[in-house]
Structures are given as C-alpha cells and as structure tokens.
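I have a structure I would like to understand better, so I am pasting it below and will then ask my questions one at a time.
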Amino acid sequence: MTRFAPISCFLVALLVLGRPALAQDVVVSPEGPVKSLSAAIEQAPPGGRIVVREGVYREPTVVVDKPVTITGEGQAVLDGQGERQIMTVTADSVTVRGLIFRNVGVSFVEDRAGLKVDDARQCVIEDNRFEDTFFGIYLAKTAHCRVAGNVLQGTGATETQSGNGIHLWYSKDIEVENNTIRGHRDGIYFEFVEDSRIAGNLSEVNLRYGLHFMFSDRCQYRDNVFRNNDAGVAVMYTKHVEMSGNRFEHNWGSAAFGLLLKDITDSRVEDNLFVKNTIGVYAEAANRIRFERNHFQENGWAVKIMANSLDNVFTRNNFIANTFDVATNSSRKHRSRFEQNYWDNYEGYDLDRDGYGDVPFRPVRLFSIIVEKNEPSLLLLRSFFIDVLDAAERVVPSITPETLADEKPVMKRIL
Amino acid sequence: MQTTAKVIKYELSDVIRSKWIVLYALFFLVVTEALFQFGGGSARALLSLSNLVLIIIPLISILFGTMYLYNARAFVELLLTQPVDRKTLFGGLYTGLALPLSAGFLAGAGLPFAFHGVEAASHATTLMTLLLSGVLLTCIFTALAFLIAVTFEDKVRGLGVAILLWLFFAVLYDGLVLLLLNAFAAYPLEQPMIALMLLNPIDMARVLLLLTFDVSALMGYTGAVFEQFFGSLLGVGLSTAALGVWVAAPLFWGWRLFRKKDF
Amino acid sequence: MIDIVGIEKRFGRLRVLRGLDLRIERGTVTAIVGPNASGKTTLIKAILGLIKPDGGHIVFDGVKLNGAWNYRERIGYMPQLARFPDNLSAREVIDMLKDLRGRPDDLDEELLTAFDLESELGKPLRTLSGGTRQKISAVVAFLFRPDVLILDEPTAGLDPVASSILKDKILRERDAGTTFILTSHIMSEIEELADDIAFLLDGTVHFAGSTTEIKATTGQPRLERAIAQLLTMDKPALGTPSTNGHSKTPERFVAADAIAPKP
C-alpha cells in the first residue's frame, strides 16, 4: 500500500481540483430552487462552486465553513439590513468574487464586517463591492490570502461610527492589491501582520488614516495612493518596512501627516511622492531608515524629524516649494544625515561645476524653530523681517542644529 | 463726476509723461521675466514675485505718491483757481495716480505670465491673488502718501515720514509682533494675532498670499480660531475687507485735511 | 460785487488777516496795496477759496462763499508767479482749462495775439522764460471773459511792451464792465489803472477809498506820496471812521477796523 501512496494522493488531488466544474455548480437566484447562499453552501460539496445570480439576498450571517468558490453575477447583493455581519469565512481555500456586500450597520459591541475571514488560509477575496459596511474586509488569524480589486465605500460620519476598510489582524503572507477604499475610519489597518504585500491601492477620504499599521514587520507597500485622509498615514512599532512608489497627497490638518513614522526601524522609503500635506514625513524614534528619491512638494513641513530619531539617511530627494523643508524639535546634535538632495531653497553656487553646491545647505530655518515654540508666529511667514532673521541665521548658525546640513546639495532636481 | 474724469485724464497724461511710471512697469516686467528665466516655472516665479510685491509696491507707492503730490502743487493750485470742487480734485488726483501705478504693476508683472502661462490651475488663483494684493497695496500706500503730503507742508519732512512709515509697516511691525508673541507666549494669542495682522496692510496682503501658497502649513494650526479663519472664505473675505478699509481710511482722512488746506 | 466781512486768518501763530472788511464794487479796478506781509496775497487767495478763513465771510455777487466752487467760473486769476504743471505745454494747459470749463465758444484770445505767443504754445512750460509764462498766465486769466479778474502783481515779470499791452487790456475790460482786483508795488501803475485803493496794514484795511479821496485826504497830489503819508498818519485822523467796519457810504469809503491792536 505504501508504494501506492503518492499515486493515490495524486488521484485524490485530481478528484478535488480537476473535477469538471460546471456540472457541480450550485446556482443561487431569487427565482430558482436555491434561494439563499446559506442553503447553497450546505448543498455544495467541498471545493464546489456557487454562482450567485443577480438579486438582493437577505438572510442571517452566511457562514462559509467549507472550501468553496462563491461568484456573483451581475448585481448580486448581500444585504445585512443594518443589523448583522454579512459573511463569515471559517474554512480554508475559500474564494469570494464579484459580490456586493451592503449595509452592515454600526455596532459598538462587536467589529462587524461585510466579510470576515476568521482563522483561515488560502482565501481569495476579489472584485467585490462593499457599500456601507461597518468594517469592510476583516481578516483575523489568516495566512496566504489575497484581497484584490475590491471597492469599499463607507459612509460613517464620525470615527467612532465607522469601521476600517481592510482590517488585518494576526495575519501573514497576505496580498492586498488594487483595492479602492473610501469613507472608512482607517482605509487599511494592520496589526500583527507579517510578510505581506500592499500594492496599487487607493485609500482616500477616510475619517482617520488612509493606512495605519503597527507591529507588522517585513511588509511591502508599493504604488499605493493615500489621499485626503483626515490624518494621513501613520505607521508604528515595526521593523523592515519597504515603502516605494506611493503617493501621499493632500492630508491637511493640525495632526495630519503624509506619513507618520513612529518607532519604525531598518526600513526604506523610496520613490514616493509627498504633495500638499501639512507634514510630509514625521519621524519620531525612527531609526536607520533610508529615504531615497522621494519628491516633497508644497508641503507645510516636508520633513519633521525628532531628535530621538537616529541614523536615518535622506539622499537624492527633491524638496520643492515646501513652506518648511526640514524642522526639528531640538537644536542638539542629530544623528540623521541629509546628503545630495535637491533643495529649491538652496541659494548657493556651483563654481567647480560638478553638479553639487559648493556650500552646505541648512534646511532647518530659524523661523521653523520659532514657530515650533510659538505657534501663532506662523502668521509672520514670508515677512521681510523673518526673511532677514533667517538669512542672518544661515550666515552664522547659532540656534539651528549645525549637524542637520546637506554638505553636497544637488544643483538640479532629481528624476 | 465729469470733472473728476477730466482731472484724471490730465493727471494721467502728466504721470505717463514723467516716465517714472514706465520705468516702474518695466521694472516689474524685467524682474518677472527674469524670475521665469532663472527661477524655472511659474510656482517659483510667483513666490519670489510676491516677496517683491510686499516690499516694493508699498515703498514705491508711498514715495512716488508723496513726491508726486508735492511736485503737483502748481497743477493743484492752478485747478483750484478754476471752477473745480476740492472733493472732485482730490478724488481725481488720487485716481490719476493710483490708476497708472496699478496699471504699471499689472502690466509689468502680468505680461510675462500671460506670455509663459501658469503650470497649474491653482497657480492662476495665486496669480490673481497676487495681482489683487498688489493693486490693493498700491491703493493703500498711495492713499497714505496723499495723507502725508497733505499733512506736511515741507517736502523733505514729508518724504522722511513716508520712508519711516514704510519701514514701520514693512519691517519693524513684524519685529514688534514677534517680540509681543514671545512676551505673551503663555496666553492664547490666536485672536490677538489675527487682529495684529489686520492692523498692518502689508501683513494683511501677506496673509492673503499665504492662504494660497502655504495652506498646507497653515492647516497645521491647532487653534480652532485659525482653522475657522483659514479654512473658510472668511479669511479671504476678512483680509480683503480689511485691505479695503485700509484704502478708505487714510483717503478719507486725507480728504478731510485737503478740504481745509490752505494753498 | 464782492463783500469781505471780518475775515480772519492765522498761519500758526501769525495773524495774517485780522478781521478785514472790504467791498469791491462792480466794474471798478480796486488796487490792494500795502507793505510786504500786510496780507495782500492772503486776501486774494481767500477770495479765490485757495485758503479757508478762520473767521468772517466773503459774499460774491450775493452768494456767501463757504466751500462753494461754482463762482470761480466767473473769476480769472493771474498769480504773482505763474506756476504750471512742468510737463505740459501752454496749449495743453489752455486746452485743459477749456475742457474743465465745458468748452465755451466765446473766448477772449486777444492777448494771445497781442503777445504773439503762438510759437511758444507747443513747448513744455518749464522750458519757457518767466516773462513768457507770465504772459501765458495773463492769457489764461482773460480767456474765459470772467466777470472778475484777480491779478497779483500782473506786470512784475513783463517787459514794458507787454506791460502796456496788459494795462490797455485791463482798462478796456474795465470799461466793458469787468471788475478787477489787483495788487502792485508800482504806484504809477496803480495811478494809471485803479479807481479804488485798499491800503492794507497788519492784516486790516488801513484805508479804503477812491484814488481821488486818498489824494484829498492826505493833501498829496501824487498817489505814491499819498500812500507813504498814510503810513505815518494816525487812523482816527482818516476820513470818516466806520464803527461796524463795513460802510456803504456813496464814497465807497471803508475804514480800517480801529480796534485791531498793533503788535
């Protein structure tokens, strides 16, 4: 028997995966014999396919407890009627595709979601719509899942009355791609998520953060757009993060950040665009981060770096039309370096024509320190008096941190 | 009214012939064009130009205005022997100077933008704000110039006062405000700060420009007053209204003095 | 034609006019004479509305002047020193004044021809000699056929030929009914032109009357001597004193206000 084991395994696998699909499909439709998704799941064999035809389905929370593929056709709407979670996946290898999840309803007791995957693997959630679901997609204790092409539209009016768009907790190896999230509390929320990839998502007009994660090591964030979120993006307590090609745009407010990095270490922030944020990058206790080829434009503060951030490197970034290029909270020695960046405020010269300015650029203005201490003085921005003060400070630095200087500023903008 | 138009007409031809105004327009033309040539792009040009506008326009308007009114003494006296109302004459004199100064600035600073265009739609708003601020500052400092020239009989003293007044509004005032802010740092200063800005026309124009250049930073304010002020049209409306008052007040005062003045 | 009642004017601490009364009759030439700083020019400027009196009032042809300006339609004025806007030419000044007065058809260009000014009209006024400007000033004064002509030292800068042309013109116009007020230091000229004399001293009318009256009162056959004598005479000895300061005697005699103290 033992010598046949590989063959029988193969046969079993063939039975499960390679079986002709159509014959086994369970069809759910308002008029057909199967009128609810729950009933269809009951009927379907493990690994079976369920097709949900166009229609509005109202039924108690659908529990997917076997590996099935659920596909919506046309406007297949699952309506939570404002009082319950719509679908809970508890089995591995479940695929949910093309459905519309609607109207979950606010709960202050439980984290209700449109679709919750609980303690499962290999799930695929693709091309669904989530309308007015409290939490949209909620993955808890999952692994090897793919969440892609979903559109999530929350309608919560306040932070407490809305849940997160894509919420991941204790998960690993997840792909979150090309989703669109609007109007939730946090667009994308990760806690204890590892080795995951977040790419091509658009997260905008959320009530708190466009992206919010903590304790989520070794994740990659690529080519996402975080725009016009109430507080921007905040990431914390994490190592080995890679953020590249993202756009952080138009995050305005007294506590709004393009990207807030708190206790982030050994990470890379590259080729991102920071445009029109109150603060482009805010780094607090952020260590050994490499900021390279980012473009900072028209931000209030392009970079605010606290003195407790150590050994960060900013190189080959563009700083253009920012109100303040770099600000900090302390004039003591900084252990972060700026080198070979382009600063549009640089007024030096390049006599030897090697492409680098011959005198260092000090991106921290005296005025930024004044504003730090006395906020209303911000209104004196661009006044002649302040410009004279700044110029004097630049010639003879006394208050601004001497170590925060770009010794080799680039003369032409990069890219 | 008709007489006002006639007075303006003759003053205009006089001002234009003095060539100062042409130099003034040329100055803005050359500077703005240079900013385009070296600064790269309309955003940078707008920023540098606005710094210039806040300093140069008040200076030139107040100096040129004071000097002009002293030099126009003969013209004024000639007209006052004619059937011309003093009110009409004063209005005409003022318009006849504020108009070409504004036009000189608009033409000088505006033409390069018309030629090169702006890079983004938001820059067009900024440009409009800049041009409007420039015109308002011209009107304000010409009015102040008239007030000075009517108040002080002596030309040298008048010019001295004009320079001091410019120095005060353009430089010293902000220094004093900064000292004040530091002295009272323990108190909530949002409202007094806005009031202080309203009291200086150059600051007011500057704040108006900040609202277009530096919204990102201004939105970082924690004070609710600021958010209200900057986050809405209220800020723009109030600033513009304050600038309007700044035109009207010295002009009215100047006119009252002019009405009683001996020639 | 013009009644001046109790006019007061101070410049700072200096009392220039001290309750001055004077009546100017229609169709006469009244010469205002007096030593330097006796208030002649100030009086003229008060009539023109160039200065605002501190007290008293002036009635012009039945209309009380109080910020009025329409009456200046009926006045031609030739100042002591002709000052014109520097950049304009005489033609432009004349055109401007015509324009201001609503382009009347009936212009008196007699002096323009008599002075032979055609070739000078196109040049900027600052390039012209003092005498030429004085001539233009005279042309301007007569141009609009005013009812009242106020001439402050009209012949001062003129050559003898021009001077006599002007004097002939004055007499002709007087005969045609125009009222003249003129000041002059040249007694022969006054003797030649004036019907009435108002002698000003320290801001009041020290003596007023016809030339014949002055000569009669002082017993001097020549005006120059007569006026010199007036200076040395005590006021109460003069003619008939008028207590209310404003006499309507047929002799057109108006005495100085006797209460004015001497400094």
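Per-chain numbering from 1; labels A, B and C assigned in written order.
Keep in mind that, in the parts below, a contact is a pair of C-beta atoms (placed from the backbone, for glycine too) under 8 Å apart; a residue touches a chain by one contact, two chains touch by 3 or more.
If you're wondering where the values come from, they're calculated on a predicted model, not measured in any experiment.
Peer 1: Select the chain at the greatest separation from subunit B, using centres from the mean of Cα atoms.
Peer 2: Using the mean of the C-alpha atoms as each chain's centre, the farthest one from subunit B is A.
Peer 1: Of the chains shown, whose Cα centre falls closest to the middle of all protein Cα atoms?
Peer 2: B
Peer 1: Just give me the whole-number Å value for how far the CA centre of subunit B lies from that of subunit C.
Peer 2: Computed from C-alpha means, the inter-chain centre distance equals 44 Å.
Peer 1: Taking each chain's centre as the mean of its CA atoms, how far is subunit A from subunit B in angstrom?
Peer 2: 47
Peer 1: If you average the CA atoms of subunit A and of subunit C, how far apart do the two points sit, in angstrom?
Peer 2: Centres of subunit A and subunit C (C-alpha means) sit 91 Å apart.
Peer 1: Using the touch definition from the top, list the residues of subunit C that touch subunit B in their complex.
Peer 2: Against subunit B, the touching part of subunit C is residues 11, 45, 48-52, 67, 69-73, 75, 77, 79, 83-88, 92-93, 96-97, 99-101.
Peer 1: Contact residues on subunit B for subunit A in the complex?
Peer 2: 43-44, 47, 50-51, 54-55, 170-172, 174-175, 177-178, 181-182, 185, 189-190, 193-194, 197, 202-203, 206-207, 209-210, 213-223, 226-227
Peer 1: Which residues of subunit A touch subunit B in the complex?
Peer 2: Spelled out, the residues of subunit A in touch with subunit B are 252-254, 256, 276-279, 298-301, 320-324, 344, 370, 373-388.
Peer 1: Tell me, which parts of subunit B touch subunit C in their complex?
Peer 2: So the residues of subunit B touching subunit C come out as 3, 6, 10, 13-14, 17-18, 71-75, 77-86, 259-263.
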